[in-house]
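Each structure below is given as structure tokens.
Two complexes come next, and they have one chain in common, subunit A, joined by subunit B in the first and subunit C in the second.
Up next is the complex of A and B:
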């Protein structure tokens, strides 16, 4: 090896580095001028989302992010959930329900076309509903549809759904993305190239970065859609979310996850910060099947030890106190926050009655989500005041699902139950709380059988009371929805009755 | 020479086989059920079982290991469970972000660190040296993600010279390089500090050599002594360390990619662990094992070419 070739080596390296540096500077210059020349586009919207949808088919995976991106923009269902959580017509124009609540007749909307040009008719509805409850179905929400006995095509514009037993939540379930209507031709490939009937067509996906939708040329009412391009950008890190908004890379963040960073955005005159409601009840989930939590007195003691104001202040004040497993904005809600009011003396007395005058030790397993981490510290402190010594352990999400949810190997955990109408979990056998109440199960059967919705609301109130009285879990607060978007953007949902981003009424002022 | 080469190659292969066993074992003992992660809390037991059977999670460990190795040998890595796309495409799409990012960071680090190190050695035990050493102390201590956030606040939010994050894709090459500048800067901070220190101490060693004194004695200019005589020999340890740093850069990219929302390999690994997308984790880790082994092999070869001694000893 002589010095000549070594000199070549170093020379080449030097040239390469020089080139890199020059390229950097050139790149910067060219782009600054380009960025400044671009004005804001009025038909284009960049939406930030904090989790990436793994696939683009809600019938294959439970991730909420899939629903945010695809329903109802790409896929539609028979019913449609509106911004207040009410069910209106979707791909079904109207429906009628038989007296006994077992037969649903759906009249389908005419003039609907799939993005691939196929006209929509009853055969697609039968195909899509049949695969929900089929024996080999891998739909994540299969359990919502197992009451369905059969789906029949009456004529190309009418479908009859017959149930084995009445289910007063069926219309709601059939309005979810899990029951999206697909065509048999594209159903197998919808996870990568989704085809639906919605106002937007899938254009491209850059894994790990973004998903781009464009206005559908075949949509039945094209005039109502004001946006031509919608880009969902994935931004996981909360401070990166704030920076992306401040730098103008993103126009809207409908589900902003970091309340502690919101103040900064509130002060910025370009943004509107909109606080709304969600279906997420944050609970101190309790293993009712395990000592000492199988003792009602212990659970009542915990309920008395909960200081909700303090927990909500850890959420920077965003959140509404709850006393049962039910969302305060629902019209069937009943305020039960005073069932076991905050009272440390009473809590201690109950613990002593249960045989734990000096308290006991317990673990609190927390999933890796902001609200649980924040509430976890506060909760451990509050329980410490009545003598329950908490050891906190933080789990990854898959670990939480296996250890806590599936194997029920836990004492306490904090988690938000984000589905609507999820009071039914208290009637489930083998659910991770280990709560088994014949009284509640009977009440829930009544709820399901009630086709008169006023009667159903009354029954729902009674069901909430049972759960609250039994102090099944610690009921903490309802998660707030923090939406941040540019002030001249109109029409995004203020509340989140279901995890979807409805873009049909969205436009720039 | 041939014997030396074949020995090194055999050692690398044995390492690789051991690595596949370790990686497989670690991935398999990760707590968490991939099917449960995909289908969520409402999934029925029969649905979970159906999905496990579909992806072969119910097969015996040995079968699954052999299937994976078979796939590796035939370059058929299979499909990601979470994304449904082919693993090789998934990794390929991410490498085009992470490799340029690391290269840019390494290039930038070398460009800054070598002159700084030479300068510090030249000003040995004088204020210039102290200044540089102070800077490297900060560079090693400051977490690079924090530095990244500060860079974004300054250059993307306040002055808007650079995007705050994201990656446009190489069909827009200028924009892509532009998007990688701030991440590369924050990624390189720690590496600059390390390389500066290595350059400085290597320079101090060579500056003490007799031949440098001879060069000075025969009246060579200070610049010629520093760059022509001393630096050239000092660069050998510097190159070695720069090679080692390349591995750390990929690890550092996990966090930097998150701060700047770059769809790189680091993010892919992070997401795959969270999704329990076992097949992706296994293949990415093995790919990087192969990369590191190759780099080591090349460094060994380069030594053998540059310096005859290891060849003889080997």
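Up next is the complex of A and C:
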């Protein structure tokens, strides 16, 4: 009996390990044969993504993967974010803003039809915008739109949006996938079978495998779209992503997340490896509401203990140091990496002043993502040098969201904030950092009220300085966007100012 | 006892197993006092370097000495394995002996419960437990201990039942000794050899399970070195430094192989019945 049970247990453990080890090899073979059978196609593009969109409606869920697949390919918004992060016309052809910054007049684009044949007009805009800020709105980005007072239809091609108070980010917010324009007829079912006005129509979804889009026959400018079929293929494991690329099963991986594997792809002449920037600030998020992190001196000590060079080296060199919560590619960026320069002696002195001459113990809760796992181990080591003894615990995403983000039951965590213009989080009450600064809140109101963008940039710089000076979080580095695609593919974004994959200008040479 | 050593000197498998175990335990003991380099000394400038005189097995993705981490990893394996097996042994033997002594519904209930646990792959149970309770070395120990309990309970019950039908136990019953006394005085001493063999083998299983859990990120948390975790980290650098995956893999394989050979050897040496069966 004992030898039987023993074999049983071994079998389970052994099979698991063996399966994981051989998975990549077998996977690669299967993919190679598949790719050969299909041959080259010049109007078909297979894009790899590492996370699966939970639903296909960006107004229902905050997952970035939804925006990658649907915005702006399926759904469009009033404005449109371009490859540099600037806002251009989308479903609104043009707009004007009143002197006091409270009234926006949108002139809508003519000749636009939804995929189900309905013509687009002002009533759909009113419907879609009303859902954003309504009291019972379940939009994941609701807080971006609560400054809206009312939306009125001036005529079928004009919409007036009135604000309660000026909001200089409104145009940006109305260009996000969260503010996608939908028709009332399909809005309830868009999470499963999305219908929008974009250049591609949803064809089919294979759960856990792929999402297929096809060129829309009703698109207003069909000649500009060169691709007939676009397949988003979900490949979670980084090694499998590399194998899929090498085998030719995937043409492009715009958001490749394993910097340590990029060297392998760089050696392959078939691929272009394009390093760009993202809006993802990787921070050592700190629970400002909890002892001892409520003490500015402790947070300053942590800031002095951060060696960004080492952290970025652990990311194989892909990343840009940051000193505040702001993306370096942004026009309003100010370099604050020297606010609290790396200085262990200073850090120790500050800890002693705060009453912790021998340091203290703290936990570091890490989400299951590569950059957090890598930076976590380095960070634990760096904080150990000033006497802060770190216990790491790895969480799954749902656990992280409930324990850290909702219940604020944590000391430290490492996470990337990938939304653009997310400095407003520091003005939010009850946000998971527990930062409450009347000074910052006042500054942020000024930022929102500034309709002159030059002035707003200056105010944004001041806001960055406050956050940096208060050492709210440990500011580590900006994630790099690593794009890998076939050399003869043209038009994909090299930077990622917002989590979108814009396919309108993409074609094969 | 003399015959034990005489037979042991002819049993090659047992000897190889014993040497490997000594090496394994010895490495862990040495690492308590000395490692070539501090195990958490990061040095990005020398990350992923191949073997060299100062770094015999090279360095990992954070520039730490792989040899030192393998050595300390042995500590992790032994700690997790020992505690898990000790818990499993204590509870399992108690339950198994109870079932054998009491019989009836207790026996039935325990047997069916252990059947139920066996019906699940052990690693799945472990993953379930660690994902509910959170990933840590303690929870990995708990998970491994839990699937060790029915193993020991079964072995103990089977062997103890055979003892209960032996004449000397019946005689003790007739003389009025209670079930607890008989279990402690007559049954357990006579099935000790079976339990020792089983414990050795379960130790190997526990080491493998710990490595498996750590590989999945559910075992010992960094920066504590663990062989399974090292394999996991090495996997992402497989194109740049393939040898990084070899060393922890080899360590796991040798430790498990050693314990298995030792267990098989012990079985042959301690249990004459099985030896006869094999010959016959």
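In this section, the second predicted complex is superposed on the first by the 471 of 509 C-alpha atoms of A that agree within 3 Å, B and C clash if a C-alpha of one lies under 4 Å from a C-alpha of the other, contacts with A are read in each partner's own complex, and residues count from 1 in each chain.
As a convention for this text, a residue touches a chain if its C-beta (ideal position, glycine included) is under 8 Å from a C-beta of that chain, and two chains touch if they have at least 3 such contacts.
What you see is a predicted model; the values in this text were computed from it and never measured.
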Partner chain(s) touched by A:391 [first = subunit B, second = subunit C, both, neither]: second
Partner chain(s) touched by A:191 [first = subunit B, second = subunit C, both, neither]: first
Partner chain(s) touched by A:399 [first = subunit B, second = subunit C, both, neither]: both
Which of subunit B and subunit C A:139 touches, first, second, both or neither: first
First, second, both or neither for A:247, with subunit B first and subunit C second: first
Which superposed partner A:357 touches (first subunit B, second subunit C, both, neither): neither
Which of subunit B and subunit C A:239 touches, first, second, both or neither: both
Contacts of A:55 with subunit B and subunit C, given as first, second, both or neither: first
Subunit B versus subunit C, judged by how many residues of subunit A each one touches: B
Partner chain in contact with A:505 - subunit B first, subunit C second, else both or neither: neither
Footprint overlap on subunit A, comparing subunit B with subunit C: 1, 6, 10, 13, 16-17, 20, 239, 396, 399
Subunit A to subunit C touching residues, read off their complex: 1-2, 5-6, 8-10, 12-14, 16-17, 20, 238-239, 242, 258, 260-261, 263-264, 309-310, 313-314, 368, 370, 373-374, 376-378, 380-381, 384, 391-396, 399
Interfacial residue positions of subunit A with respect to subunit B in the complex: 1, 3, 6, 10, 13, 16-17, 20-21, 23-24, 26-28, 30-32, 35, 52, 54-55, 60-63, 136-144, 191-192, 206-210, 233-237, 239-240, 243-244, 246-249, 396-399, 401-403, 405-406, 419
Residues on subunit B engaged by subunit A in the complex (per definition of touch): 30-34, 36-44, 47, 50-51, 54, 82-85, 90, 93-94, 103-104, 107-108, 110-111, 149, 152-153, 156-157, 160-167, 169, 174-175, 177-178, 181, 232, 235, 258-264, 267-268, 271, 273-276, 305-307
Subunit C - residues contacting subunit A, complex: 40, 42, 44, 47, 61-62, 118, 121-124, 131, 134-136, 147, 151, 154-155, 158, 194, 197-198, 201, 205, 208-209, 211-212, 215, 217, 221-223, 235-240
